[in-house]
Structure formats: structure tokens, C-alpha cells
Amino acid sequence: MQRIGVFVCWCGSNIAGTVDVAKVAEALKSEPGVVLSTNYQYMCSQAGQEMIKEAVKEHKLTGLVICSCSPRMHEATFRKTAAAAGINPYMVEIANIREQCSWIHKDMEEGTEKAIVLGRTAIAKVNLNAPLTPGESPVTKRALVIGGGIAGIQTALDIADAGFYVDIVEKKPTIGGKMAQLDKTFPTLDCAACILTPKMVDVAQHERIRIFSYSEVESVKGFVGNFDVTIRKKARYVKEDVCTGCGLCTEKCPQKKVPNEFNLGMDNRRAIYIPFAQAVPKVATIDADYCTMLKTGKCGVCSKVCTAKAIDYTQKDEFIEEKYGAIVAATGFNPISMDKFDEFAYSQSKDVITSLEFERLMNAAGPTAGKLLRPSDGVHPHKIVFVQCVGSRCASCAEKGKEYCSKICCMYTAKHAMLTRDKYPDTDVTVFYIDVRTPGKQFDEFYRRAVEEYGVHYIKGMVGKVSPEGNKLIVQGSDLIANKQLKIEADLVVLAAAIEPDKSARPLATMLTASMDTNDFFTEAHPKLRPVESPTAGIFLSGACQGPKDIPETVSQAGAAAAKVIGLLAKDKLTGNPCVAHSDEMMCNGCSSCEKVCPYGAITYSDKEFRGPNRTTLIRRVASVNEAICQGCGCCTVACPSGAMDLKGFASKQIMAEVDAICK
Amino acid sequence: MQKVTREMLIEKASALLAEGKVDRVLGWKNGEFSYDVTPFVFTDVESMKKDFVFGDFAFANFSKYLIKETKKSENKVLVFLKPCDTYSFNQLLTEHRFNREKVYAVGIPCDGMVDVSKIKEIVGDGIISVESGDLIKVETLYDGVKEIAKKDVLAERCVNCKSKKHVAYDELMGEEGEILDSNRFDEVAKLEAMTADERYAFWQNELSRCIRCNACRDVCPACTCEKCVFGNPNSGVENKAASNSFEEKMFHIIRAFHVAGRCTDCGECSRVCPQNIPLHLLNRKFIKDINAFYGDYQAGEEVGSRAPLTNYTKEDLEPSEAVNKEEN
Amino acid sequence: MKVSYFPGCTLKTKAKDLDNYARKCAEVLGVTLEEIPAWQCCGGVFTTSRDEIATKLSSVRALNDAKQKGQPLVSVCSACHNVIKQTNAAMQNDEEFAFKVNNYISPDEYHGETKVYHYLELLRDVIGFDKLKEKVVKPLTGRKIAAYYGCLLLRPGKVMAMDDVENPTIMEDLIRALGAEPVVYAYRNECCGGYIALESKELAKEKSQKVTSNAQEKGAEAIVTACPLCRYNLIKNGTEVPVVYFTELLAEALGIKE
Amino acid sequence: MENSKQNLCNEIVRRSGVNPRKCMKCGKCSGTCPAYDEMEYHPHQFVYMVETGDIEPLLNSKSIYRCLTCFACVDRCPRGVEPAKLVEAVRLAVVREQGKNHLKADDIPELLDEELPQQAIVSALRKYSK
Amino acid sequence: MQVNEYKPKIVAFCCNWCSYAGADLAGSNRLAYPAEVKVIRVPCSCRVNPMFILRAFQRGADGVIICGCHPGDCHYTSGNYYTRRRMALLFSMLDYLGIEKERTRVEWVSAAEGAKFAATMNDFVQTVTALGENKRLEDLRCKK
């Protein structure tokens, strides 16, 4: 039997103004289990808390009911008081007689009556409370960053600099991501490679960072602080630790007709290749889809020319198992396919290109060595039309475009326009826009410079049709300000394609039990207050996998994610919320209903032996809750038909007792 | 269509027993009366020849029995499954309630079971024996032998049979049937069309007869809890028998809710109810609502399918829309 | 196999070739076109207004007739197909509209059950271009042919759902199956002017010439179309490239062209 | 008067099934329209003017007879606004009135030529007359 | 004030993160609603077992309302989606059994919607008051 102390707070006149606190304390004296019921002006004050501690000692209290303000205000305070007085902090219940009583009622009699019921309800619950101890779990002091673009790189560097080990898993042969493909960056126009490649080198040389390039995450098990991850290191048929990156093989390989994905297929590479000069790790990779040796067993040129003896045609995929305390998703983005937007004739003409392709055309290391030449005939274009919002802000058809704004296109288009005019003043540049969105430091100034200093023609309107005629592209679009339909003869058309999360994000989210929105962007735990955390504990978000972002934003978010990871890894042990679900194995049917509704994957099943009748043993499938993962929502308790699953602190019996007390 | 007979089933069982493929047979046996057929575990052909029965009263859905039976031995048990039984079979597999490896399931066709109370309505009391067939021969104490057309005395669940197709088996005897368009929701719809007062009167009349014998729960292939929530002291609702008029309502609502999305509509609950309460109308209401609200779903049609109550879409209807649909 | 067939008015007069060859080819390909009895004119264009009932009844009657026979409904003229398909979609999706329409065909009730095919879809989805290829006796090898889709075959894309609206391939695939080389050009899905030919000959001329000159520039030796009005506009406004119905081309390859 | 105009506007919206508020004013419909140069008011203006209730000018404009019903604006609109349906609804508001047929049967003979398929006449009658 | 005026008993289950905070906000803004409403705090609306609702009716409640975060805003990402399904089916069943459907309600109230919380409670109390005492589901013997 509990020995409950009831403390009714006046909160000055906040409560006492409409609730007769003395009468409430008096009425609650006769409730079951109550050995003390009293009132005081400010229970939360130092004096009030001392009073509680004294009472616990004097009356050997085992449970406390505080009739005061909302538990959202002072539950934590009184739990600490209880702990200080030597009783379990979870033996405290708050009756909210301020926000949900005195403040909303004017009539003293009515308020007092309701306060008594609320007090009675809390007492009924405390009678069934049990001491709860938060679970503890150790923390593996190593982080995994999935994706080696600028987001992953920055997050990894920040975590490693704080003294923790970090592994980066990158599915491509090199880290660097999309930023490595960019020419210049807005709004400062510094060269992307110049600011990115030093960071890539920092990563490669950092003693606490390992890079698993050409690798993918195969499976993720476990929970915050204790993830077990299997990484598939794909066979690259080159011994990474032996290859010197001299590049001789990539020059001698006879298979020359492989579309070069780094240049978006605008030129070719060999079957053995190093994606670009500053690749990290700088080792060669054999493309098994094109390698004659791997396909037919005849060739072996690369092996012959390799002085380091790094080629190994028999290499197999390798599986690495590692433990991590935290995982950061940094899987990035891709431009969407232009297949469904053929009104812009992307499939009909080589001279209709996407903005990312334009980046490569402008880049000194690109297919044209930085000269702006038309892909179809290598002639310098004199009239370029940029089309904004191709597939962005497109709500009419889900399989076609994206409903959201891709955020980066306005700025990079201004950049492209400006750079073109800067390098080739003889080239006329027109941009069709719906809105120019430039919220960001120095962003609008940048766009205005493109217009005012570089003479880029911005036309408010949209292109309806691009028709290749002769060696020209007839761009038909509307000029809404002039109220005209324009037909422009262009040499090159550049489409600002919408961006979408990388396709690997969805299966990864499933492995991580991290949630995603309908566009396959990772969802944050709170859109404002926890923007770099996934709702799943221990999973963090960095970069465009969470939503469209430019580089400055990505880097700051990457740093924020790193700070969150560091905060986690700095702990030796994690203390959980003790109000978690618990399954009574004797009653569990093993039906998996609870597992299906758990948003965190906190429930697992195992076959266990039980004693059956007549000294037999029975094997039954039963659920168990991982208390470190469970967040205590209680969804499983309702899914469970037998009532085997219950929630500590909010047990069925407790809630029923509250119901009974209210309806009495 | 060739009819599957008792002899054919015994022959099949004896072959499987002889091969050593199975060492037990879950079959039917006559109870006190020939229309009172009960499940029985046979271990040899002789006892089967003696006691095994098959016919118009072989109602019992063996799926649930497999939970306990498969735990008893390392060997396989042979089970005969009518089409509707196979749905329960799959549903239990979905819920991991028995080991599929330990069962040899033989699908058998079914042309409907006979409801003895319908026979009694025609011939009165004093039935001595009943012989299965398209024409059922009923012998009574008072009137001698009478012949009744089977179609006139089919059980309600068979009149509204939802499927003659087996969704699970290792081996099929006879011809495979098809999923049928049944009128099983007509009666629910009829109730829905009544006024709230009429519905209340109807259910009060039905549910007040409940004696909380728990037969519905014990026979139900979805009610397979190790311990029922109504027997769980921590649930806050533990009770053994109805202590007041509300509790049976609570029991039946909660029972129906617990099997919602898992109930295959096998109709066993209503069949075994000694008070003839049409309990299946509660379950069917949930099935009808689920189909209407969340798209057609048949529990047990596929192993591993996600039940509607353990699933959601962001566009689901609001509870207020669920109850106000008639007005809209 | 047997399908219901809605030829349409123009195919009975000015566009007999479109009809005749469609029938003959179908026969060779093992499909019987069963003409809907007492069909009425589709109206030429679909009125998008939800409260237009009368103008859509002829389509509904044809659709309902096919439904009674349990057959898909096939048409070959782009305009008829467009009207019928859009009407069918309205009967499926617009309850209020369907209710009103059903008052006119009582005691029958129609809710868009009939599957509507354009003849091209019949070739692609029912017969299959691979099978068709096997039946080709005179392959059109070496000929460069441009398909002209116009508007009505493809749009509105969500309703017509025949092909990608901006990058269709069905006619190009047909041309390929017949042994010729398809010519892709930007104006293949731009409007020829349609019925504006009555109001503004100038506009029709401008639009049509764009189409033919663009196709010619990309190397087309002939243009095929499924619409009599498109064909009229393209020819009337001066083209150096012959414009023929796709069924004629089909008949030629199947060796049944007179 | 204001009221009846608003009613007509609502009627046009209802009849067409188009929600002009979905428009984000990108102008792709007008960028795509093959009859643009023949029109006094262009597709995006139709949407805007119906949205703001300023339909009087549309009712009196020849623009309503210039739409080719090619549906290009319907398919290319990124927001699913379907301007062509709105143009049609405005036109119907005119031609449904007594004596307001844009094309009369008597006018037809002189428009004909030998090859003109009747499809064109039927279509034009559908579009221009009631 | 009228003597013996009928006052219904209302149990309101509120999720800790949105609706309970919304109720607190109603208090902070001094937005009155009837004292008949008594709130039970649960972590998430998905913690509410249909048994709790029936129990409340059994013990004499006249109305039960469940408040949770708006769909899509659940603190636990998906809890209220399950609540929505469970309650849709339960309420439909209660209606089928002839219980007045106005006695049960689900309402989504965010932490910022103090005014909505108060308005919802005012409306619900009014509706239930109009219905009168819960005779159909209440058990007389449990009444003191």
C-alpha cells in the first residue's frame, strides 16, 4: 500500500483565486493511500520543495501528488525534489489545477469541485505507480557518414576533429559528390574544385577518418549508440592499397567507348578509370560492364602495364562489419530525368542540355576543356536561352515533376548567365523565369549584377516549346510583362532541372527506420527545433538528403549534424526515458502486430523456451522491447490483442484508474 | 465434379501415414449426435475407419488446432482444410502462430455445411440420425425418415460463402473453386439502414442473452492469445463472467475489435454460440467498414499481408467521416 | 478476336481510305471490326464543359453498345477517338455527369466500363508490333517516314493515356515495324490548326506549314496521320511531302493495298 | 449587376471544373499556345481574369473563337490548371445566349471546298454555336 | 443559476505533445470551457485503447473525446494515423450498436491551438448536454 502525500499549491492567487485550496486538501485526505494532504503558497519555491522533503521523511511517503500548474511546467522540478528526498522520481504525479482548472473557471465552487476530481485522479494513478529506472546503454565512439559529398565530408571532418573516429561510405569510386562536378560557386564565384579538393585531401589524410569508396551500406541493425552495420565494398578489381594512381592503365586500356558519367556522358572514358584528377582515393577502378577482360577473359592490358601490380581480376565484393554510435545520412541529390519534358526537346537535340551539363561544359577539366561549345557541332553558341523551373513547382503530375521549389536553380542560373557573359561578351543570354528567388546573403545582389552589369535578359514567363529547326533551336515562350509570345532562335538551351533525393535514400531510410516524406527527402525530428536529427534516435541528417540546399547551407547543416553526433558520442552511457513499452512474455502471442506499428523498430521477436505442462518445454515466439530505442508512444499497447504489451508510467491499469476516478 | 468422399479422405490419410509423411491426422469424429461433429486427432487408419466422419456437418475449422498440435511432435500432422478454413490457416501463419513445416495440408472442396437448427425448424425435435447428401435423410423419434433438400438448410455462412477457392494447401483433392461474390454484407447493411434506436434494441436483445461461456472466443481462429485480455489481471478489464449488463457488450465489442482486420469471416463464432447470438454480424461490420474505408482486404488471402489496423495512409478518413457517412 | 468499331462520319465520305484499309488490315491481322449499329456522329470535338450532356450522348450510346457485347470499342479517326475516350473518362469519374447522362439511356446504365482503343493501340497492345512485323510482306525498307500526331491522339495526356504526350513513340514504333525509318521532329505534336481552317485560313496555313516544313527538313519522305482534318490541313496548305493515313501505309506493308 | 457577373464567373468555374487559384502565373500556357498571336486575351489572362472576376472583356472578345482546343496548355501547365477548359466555358457562356451563335448554318456553304472533311464543320459548329 | 441542471461527465484524452499543450495554452489565455471536461494525459493519442473509452462509458461518462497532434505532425511520426483508423472503426461500431455517435469524437489540436481546444470542448459539452445522460452504455450498478 502506498503512503501518498498530497500537496496543493496556491500559486499565489493564480490557483487560490478560483480554487479553495484548503478545501481541496481537506477533501483529498480521505482518498485511498493518502496519509498527508496539505497546501502551500508556492510549492515550486525553495521553501515549498523543502516542505515536501520534510514531509517525505516525517510521513515515510512513497508517492507524491502535487496539485499545481501543468506537468509540462514543473513535473521535472518535483521529480528532482522526490529524488532528493529519497523516493523514486517516477512516484510523482501532477494534478494540473492551474492551466486546466483555476485559469479557465471563474466560479469558486466549480473550480474547487473540479480540482478535487483532478487531485483524486492523480492519486488513483499514483496508487498504481511503480518506481522506474531509466535504462542505460553504452555508446560506441565511432560515427558512420553515408555519402561522401560536401555534406558528408564536412560532417566527417568536424566529428573527427573533435576526436572521434568516422567512416565515410561512398558508392562512387571517389568522394566529392556533386560539388566536384561544379565549375564555379555562387555568389562568390570561387572555383568549386579549389575549395573542395583541399577538404577531400584533409579527409584522406585524417588519422581518424576511413573512406570506404565504391561501397554501399548493406544492412543496419541496432539502435542509438549501438548500431551494427555491414558495408559492402564493391569489387573494383584494383588493389586499393597497392595502386599508386599513376593513371597509366587508364591511358592504355583499349576499351575507349565508355560514357563518362563524371562529364554526364558528354565524352568517353576507358573501362579502367579514375573519375577525375583530384579523386580521393586516387586509385583506378575497373568498370565490369565494359571491361573486355572481365567479360570475355581476353585482354589484360591494364594488368600488363601496371608496374605496381595492383590489378586483380578475381577480386570479389567484400563485406565489412563495424559498430557505430551514430549514423549520418548525407546521400545528396540528383537532377531529375528530362524524359517527361520533351516539349523542351531534350531527347531531340544535343544542344538542349541540363544545368549540370552546362557546368561541365564550362569547366576547364570538362569535355571541352572549358570552352563553351555546342555539343552537337562544337561551334561556339551566340545565343543561349536558360529555362528555369523545369520540373520544379510542378503539381500537375507526380510522375513528371516535383511539387517543391528546388531552391538552387535561380542562383546557379544567374551564375551561368553571368559567367557566360563575362567570358563571351558576344554571346546573348536570355533567362526565362517564373519568380527569381534569391533569399541568402549576397544572393539578390548577385542576381542583380547579372542583369545590370552583365546585361543578361531576364524574361518573366515560361517556355512552352523548343523546336530544333536547322541548326537552331526555336524557343517559343511567353513574355508576361510585354504580353507577347516570343520565338527566339537560340544556339543552346539550358534547362534548370528540378533536383530530387538520390535513389539510394529510400532503401537506406528503410534500413535506418528513419522516416521520409512523399518526395523521399528524410524527415527531420522537428522542422524548426531539431532540423538535423531524424526522429529515429542516433540518425542524423546532413545536406540535400533532407531538402534542397545550396553549398553554404549544406556546409552549415553538415556542421550542425556533426555537433549533434559529437554530443552523442561524448557520452559514455545513454540514459533512456523509462516510460517505455514492456512485453509480458507469458502472455505474448508472437503475432507481430506490435512490431508492425512501432515507428522506431524497437520491437524484435525471438523464440524462447517456456515450461509447458507435464515438465515439457515449449518454444514460443515472443516480443521484446529494446528500451534504448522505444520512445514510449504506446502504439504497440493497443495493437496487442492480449494486453501483453503495456507502457510503463502510462499502464493500462493506471489509465483505467484515472478514468474511474474521473467518472466516480 | 467428382465428390470427395469419406473413403477417399481415409485412403489419402492412410497413404500419408504409411509413407511416414505424417504421424497424426486432424479429422472429424461424431459426437453425441450425428449432426454434432467434433475434431479429433487420429493416429492410425483403424480408428479412422471406425470413427472418422466427413459430410455436411464437418464444420470445424482445424486451423486453430494446429497451434497446439504442431507443438506436440516433431513430425508433420495431416490436416484437411475446406476453402474457408484455408484463410484462417494463412492468417495464423501471418501471425507466426504455428510452424508451416509441421503441417501437411490437404485442401478439400466444400459445397456447404448444414445448419441443424434449420433442420429442427422443419422436423422438430427428436432427431435420431442425419445422413449427408444433396437430399438429407433425417430420422426422428416421432416421424420416421424425412428427406430435406440440402440447399434449404444450408448454414448462413455457406449461403453467403465468400470463396470456394483454397488459398493454401500442399495438395488439393477434387476440383478447385473460385472466389465468389457473396451477399454476406447484406444483413449488416440492413442493420445500418435502421435507426439508432432500432439498432440498439436489436443488439440489446441479442447481447443480453450472452452467458459469457466464451465458446465464441475458444473456437475463433483469430482468438489465439496465450491469455485473453479479459483474463489478464494487468489489463484492468479482467473478468470471468458478466458482472453487469455492460460487460458483455464490452467483451463483444473488444473481441470484435481485436480480431478486426484479422477475422477471416469463417463464421465459427456464431455457429458455436449456444444462445444463437449472430456474433458474425459484429465481425462483418468491421470487415465491411475496412473494405469501405481502406480498400478491399481479405484476411488470410495472402500470408504476410499487413492487416488494416497495423497500417495507415496519410489520406485515411477521419473518425467523424466514418460515422457520418450515411448523411453525406 | 472481335471488337466493336466506330468509324465516324468522315471515314464514310472524305476519308474512305482511312476506313477501308483499317478494315482490311484488321482482317489480315485476325481482328474483326464489328461496326456499331446505327452509330451517330461523335461531334468532332469533345466539349469540356461538365454540363454539356447532349453532345456526348452519341459516344455514350456507342460505348454502351460495346459494353453490352462485352467488346472493346475501337476507332481509327483521331477526333472520334478523342471524343469517345474523353466521354468515357467523364462517365467514369464525374458522378454527377454520369447520373444525368444515364437518364437518357435508361434502363441501361453506363459508367465507363468499356475499354476504348485507338486502332494504333489495338496494333500495339492487342496484336503487338512484334506480331505485326511477322505479317509484313512488303517491308518499307529505306523509306523515311514522319509521324504526325497532332493534338487529339495524345491530349489531354491524363485522359488519353496512349503515350508520352511530349515524346510519343507509338507511330514511330509502327513505322519501324513496317520496315521504314521513323523521322522524329519537334512539330509532330503541335496543332495543324484544326477547325480554325473555317475561321482563319491564314492561321491554319501557318500552323500546317510549320509541321510539314519541319518534317521535311528532318528528312521525311512522307508524313502519316490518323486524322482526316489534319491531313486536309497539311495538304491544303501546301506540302512537298505526301501526307497519307497510317492505315494506308500499313496496308502497303501488309501487301493488301490496291 | 456586380452580383450577376460574379454568378456568371462562378458558373464558368463550376462548368469548366477549373480552379483558377491553382495558377502560379508562370505563363507556360501562353508560351505554348499555337493561336497566341490571334488572340487579344491569352490563355494566362483568361485564368487571371476569371480568378479576379473581370470577365466582361473576355465575353466580348474574339479570342474565345481562336482557341484551337489543342489541349497543349492543359498538358504543359505545371499546376494542372487546364486553361483550355476555361476558354471553352467562357465561350459557352456567350454562344448559349439567344442569337449569339458565332457560326450559323447559313454561313457554311461558302466556307466549304471539295476536300474539306465534314469533321471540320461539325467541330466548328460544336465550338461556335449552340 | 438553475438548480439540478444536468452536467455531463466528459473524459478527454490528450496527447502530451500537442493537445495537452493546447489545453494548457487555452488556460494561459484564460479561454473558458466547462468544468465537466477532465483531461487524462497520454503520451500519444495512439495510447488510447478502445477499452479505455468503453470503460469510461461503463463508469458513467457521457462523452469521450480524444485529442492528438494533427495528422502528419505526430511527435512519434505515425501514432495519430493509427488512432485515426482505430477510432474510425470503433466509432462506426458503436454507431452500429445504436450508441449515439455524438458521444465520441476525435479532434486534432496542436500545441498552438488553445482557442481551438476551448472551442472544441465548448462544442462537445454542448452536444453531449443536448443528448442527455448516457443511458445506453452506462452501467447503473457502477454508479454511486
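Labels for the chains are A, B, C, D and E, by order of writing; each one numbers its residues from 1.
Definition applied: contacts are C-beta pairs under 8 Å (C-beta built on N, C-alpha and C of every residue); 3 or more make two chains touch, one makes a residue touch a chain.
These numbers come from a predicted model, not from an experiment.
Trainee: Can you name the chains that touch subunit D as well as subunit E?
Mentor: Looking at subunit E and subunit D together, the chains touching each of them are A.
Trainee: Trace the shortest sequence of touching chains from subunit C to subunit E and report its length in steps.
Mentor: 2
Trainee: Could you quickly compare A-B and C-D and let me know which has more C-beta contacts?
Mentor: C-D
Trainee: Identify the chain whose mean C-alpha position lies nearest to the mean of all protein C-alpha atoms shown.
Mentor: That would be chain A.
Trainee: Starting from the Cα centroid of subunit D, hunt down the chain whose centroid lies farthest away.
Mentor: B
Trainee: So how far apart, in whole Å, are subunit A and subunit E when each is placed at the average of its C-alpha atoms?
Mentor: Inter-chain centre distance comes to 35 Å.
Trainee: I'd like to verify one number: the distance from the centre of subunit B to the centre of subunit C, where each centre is the average of its C-alpha atoms, in whole angstrom.
Mentor: The computed centroid separation for subunit B versus subunit C comes out at 54 Å.
Trainee: Once you find the CA centre of subunit A and the CA centre of subunit D, what distance in Å lies between them?
Mentor: Measuring from centre to centre gives 47 Å for this pair.
Trainee: Could you list which residues of subunit A touch at least two other chains?
Mentor: 343, 397, 465, 597, 639, 652, 655-656
Trainee: Provide the list of subunit B residues touching at least two other chains, using ranges where the numbers run on.
Mentor: 229, 235-237, 309-311, 314
Trainee: Could you say which residues in subunit D touch two or more other chains, in rising order?
Mentor: Residues 72 of subunit D touch two or more partner chains.
Trainee: All pairs of touching chains?
Mentor: Chain pairs that touch: A-B, A-C, A-D, A-E, B-E, C-D.
Trainee: Contact residues on subunit D for subunit C in the complex?
Mentor: 14-17, 34-35, 38, 65-66, 68-72, 74-75, 82, 84-85, 88-89, 92, 103, 111, 113, 115-124, 126-128
Trainee: Which residues, counting only subunit B, touch subunit E once they are in their complex?
Mentor: Per the touch definition, subunit B meets subunit E at residues 188, 191-192, 196-204, 229, 235-237, 244-247, 249-250, 253-254, 256-257, 260, 282, 285-286, 289-290, 293-294, 308-314, 316-324.
Trainee: Using the touch rule from the top, collect the residues of subunit A that touch subunit E in their complex.
Mentor: Residue positions touching the partner: 70-72, 96, 98-101, 103-106, 110-111, 113-114, 117-118, 121, 515, 523, 535, 579, 597, 599, 631-635, 637-639, 647, 650, 652, 655-656, 658-660, 662-664.
Trainee: Tell me, which parts of subunit A touch subunit C in their complex?
Mentor: 339-343, 345, 347-348, 397, 465-470, 474
Trainee: Which of the residues in subunit C come into contact with subunit A in the complex?
Mentor: Its residues touching subunit A are 158, 164, 166-167, 184-187, 190, 214, 217.
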